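Shared between the two complexes below is subunit A, which has subunit B as its partner in the first and subunit C in the second.
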Partner chain A sequence: MSTNAELDEKITDLLATVFDIDKDLITTTSNVDSLEKWDSINHMHLVVALEEEFDIEFKDDEAVELISFELISSYLKEKIKR
Partner chain B sequence: MDITSQQNSAFLEIVNIIQNKSPMQKKMIAGVLANSDNVFWTRVTSFSENFERLLNDHEIPCEKVANCYLKLCKDMLLEQIKFRKTGRYGSTTFAEVAQRVYLSESEMETMVYGLAISQFLWRNHYALFNYFIDTINSLKNNKAVIKYLEIGPGHGLHLAESAKTFKSAHFDVVDISSISLELSKRIIQYFAPGHDVNFHQMDIREFNHSAVYDLVVINEVLEHLEDPLSMLKTIVERIGDEGYVFLTTCANAPSIDHIFLYESVEAIQAQIRDAGLAIESEIILPVEDFIPREEWKTQKVEVNYGALCTKSLA
Partner chain C sequence: MRVAAFEAFPSEEKKRIAVQKAVNQWKKELSGGHAPRVYCLTNYTLNGIESFLSYHLLKKKIRPEIEFSDYNVVVQTLLDNDSRLYTWTPDFVLLSLDLRVLVKDFHLNAWDAEATSAELLDILKLIIDKVRAPVLVTNFIMPLIDDRRAAASLENKVRLLNQKLAEFVDQHGNKFFLLDMNRIVGLLGVQESIDSMLWYQSKGPFRSPFLSWLSRDISTIIGAHYGKSKKCVILDCDNTLWGGVIGEDGLTGIALDVNEYPGIAFYEFQSYLMNLHAQGILLAICSKNNEADVLQVFDEHPHCLLKKEHFSCIRANWEDKPDNIAVIADTLQLGLNNFVFIDDSNVECSLIEQRLPELDIIQAPQDPRKFQYIWQAENIFFVPHRTHEDSQKPQQYKDSENRRASATGFTNMGDFLFSLETRVEVFKDEPTHVERIAQLTQKTNQFNARTVRYTLQDIERFIISPKHLVFSMQVRDKFGDLGITNVCIMDLDGSGSAFIDSFLMSCRAIKRDLEIFFFCYCVEVLRNDYGINTIKAEFIPSAKNMLVEKFWEELGLQLLFTDSDNNKKYEGDIGQLLSPKLDHIQIKGQMK
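Presenting the complex of A and B:
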């Protein structure tokens, strides 16, 4: 992953795919409250999709805490850096 | 009747704590509460009054119950993630789960109190609870239930409903976990006081009782066993020719204490038939109800299932 913009783009694509919504609805401030389809089942699908896409594994607490675009981005940057 | 009927209730206090701690749950619960009918609120009111007395008498803070529920949600999410990746449940043997859950007071409390709350907050759990209440009320009008057996009563809310419905029946309750049984006893004391229920801590296969039961209830137990078919066959031996079995279970529903994976509703139905039972009525509740049924198995859609069964006329 080379730039933050590319990472944001990938996260946007994943959120749009998992939640089956238009990409235009997703911004870097999106979160559980702002996206109607971000429920517990879709959250599970999202965590699995993120792990597969970036070939990483979230710790138990992290998987529960990924409830906003910003947090996802932050955790991914941390993990990809390692 | 709506949420305003719950002012100052234990249920609302627990729900408020959950919502304050979890944005995900806050959204889900808001949706549930906004779309609930009078029956729901009547049931919640009754539950809350009894539960509040239990919590007060045992000095259990609402926050502890809320935390049990949140831990249950977290455990379930983590198991679901593992299941999606492996296609298997995390535990495979009863001994493993017993060590991890059934012999742990804190884990059992999490399960019992967490599931008592999910009974009202999770759409499918509430639908199964409704189906159970409707079914036993229908049975009451059509059949004399003199002898009642429940295996693994869990939070005891179904047992309490049965005790109130079949007032003069003889009740036997069997559970392998002493901790679970104590929690069930506690629930019965508050939710169906004055009913004489005989609790037996043992494996049902060792429950050497000559009684022939009119109704055997086994809710959310089969998926906790290594060999649920054997359990169902044991139950068939315990009901009379006119007896009934009420069961609930689930497919593709990982949890820290689930062992036996039913990969489809059809697998559950087939096992019921293999045990010598016929399905009289059933309820099938996919969690992702927008996915076509023919795709449930391949997409590993979680399904809650309930059925009223009789002996097959083989």
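Presenting the complex of A and C:
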């Protein structure tokens, strides 16, 4: 994952797929309140998808915090760096 | 389409995002076809399976709707007549219970296995009473604790429950289908199967690869209810049934010796094929070889399990394989989508893929050790209800070959039909035929006027109902027993007319006027016993049933109109229908 833009693109693609919505609806300010399809079941699927795609694991307290594009992005940067 | 066998489980099917992407895409592309409702009755969180189950069903061109029960309210859901389990009228129910939720303090191990077993049976009996749809039920994952010899062994308790569950499913094989979770854990390993964190957080125990494989097993069973199962394997010979090339290596040079590698790998593959044959799956050969060389292996090789008589059709020559396959399909009177083709050559597989896209293709592995992936992967030959007829099928097709050979000696079709000494028996609402009738509605593609698929439960309901009549016909001739080949389901409207809901015939009985005989007989019964004067019928075109397009007109029914879906509606007075003389068919006794 070389640049921020690439990471953003990958997160956008992943959110659009899990929620089955158009990519245009997702911005870097998207969060659990702005997207109707971001419900608790889809959140569960989202966490699993992030773990599989980036080959990482989230701890219990981390998983519940992944509630916006920005938070996902910052967690990923931290985990991938490690 | 190539069937995944030698990547036994392709990696793109193991990950949520890849699968979800395909599902989102296919949902937009695919319209029409079967759209069953699947209700998941579980006491834990199984919602993660939705994408994977959709994926494997969409792959079979089936568009499911899927709903889930709430967490840990299985019995309440079953008892509540207003629950979605009933009001949504699902076509299939998936029952999956996690013991850690079902039993208090599972790991503390103070629970009583007999009491839990009784509780489980209560749930299953409730389902028998109240759920009409076929039920797919998962067994319990064995705890990985080595406590077999302890006084209260968890392992033994779970084993007991699984045994009770399996016995129950065996006794109710018409309605229940067992999904073996432990087989999946065994194939994938615990690492790829179980997600402890997700279990602790959300009571969702499974990782994506497990959910995907379980979904594939579920899709196999659901798909088979819609006639998606296979009936025949077409096999290449060299490097498929044995190692090496018979034309070059000779009888002593090919690898098939059970005491050696790689011979044993091919011997095991032949054992698997022998088992398929015993279950009623047909085997055929399509090989670029001299026929004499191939037959020599079957006759003379000391380790060759497969003999000439196991094959319903052998095409060993130097013609094009797609042409040979067309001959095989014609000889066995099966549609191309009923075949699986297995060949080690990438060139042949690609050629068939191009020319005959309906065929399922498995490219045999270059590495003989990987042959076992074929039977570890999906059971593409799964049929929902095994009937007595299935195990007789290879013999029936052999008989059919004899009939064909016999036909060549006659110049006149009438003489030939007479010589077959056909004897039939017609049954009405016959309870012992339910499985076979359901199976025929599910599997018959060619001679099928409306191609409506029914479950066994549907047929049982029709038989009991006074508004429906279910006719079936058994056929025998001098070459053998063809079994139940014809089915007719009639809806009576109570005012003197009958609608032909289903009229179908197994393709093994085609071209013998049996359909006409059967139709006339059913109509006679309707007139004499039920006071019916008017027959209504319909032809719904499918990709396969052009054979019956003109059938209703030929019998004297009038075409009323063709609707916007191209379905043709017919009607006719019984008195004006044709009743041809069919002296070559003898009816045995009176109708039962």
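Structure notes:
Methods note: the second predicted complex is superposed on the first by the 82 of 82 C-alpha atoms of A that agree within 3 Å, B and C clash if a C-alpha of one lies under 4 Å from a C-alpha of the other, contacts with A are read in each partner's own complex, and residues count from 1 in each chain.
Here is the rule we use: contacts are C-beta pairs under 8 Å (C-beta built on N, C-alpha and C of every residue); 3 or more make two chains touch, one makes a residue touch a chain.
A quick note: this is a predicted structure, and the numbers were derived from the prediction, not measured.
Once the two complexes are overlaid on the shared chain, A:63 sits against subunit B and subunit C alike. In the overlay built on the shared chain, the residue A:14 is in contact with subunit C alone; subunit B does not reach it.
Looking at the shared chain after the overlay, A:32 reaches subunit B, while subunit C stays out of its contact range.
Residue contacts after overlaying the shared chain place A:48 against subunit B and subunit C alike.
Within the superposed three-chain model, A:79 lies out of touch with both subunit B and subunit C [touch as defined at top].
Residue overlap on subunit A between the subunit B contacts of one complex and the subunit C contacts of the other covers 41, 44-45, 48, 60, 63. Only residues 31-33, 38-41, 43-45, 47-48, 51, 60, 63-64, 67 of subunit A touch subunit B when the two sit together in their complex. On the side of subunit A, the complex with subunit C involves touching residues 14, 17-18, 20, 41, 44-45, 48-49, 52-53, 57, 60, 63. Listing the residues of subunit B that touch subunit A in their complex gives 23-25, 27-28, 73-74, 77-78, 80-81, 84-85, 287-288. Residue ranges of subunit C in contact with subunit A, taken from their complex: 15-17, 20-21, 24, 45, 47-48, 51, 195, 197-198, 200-202, 204, 208.
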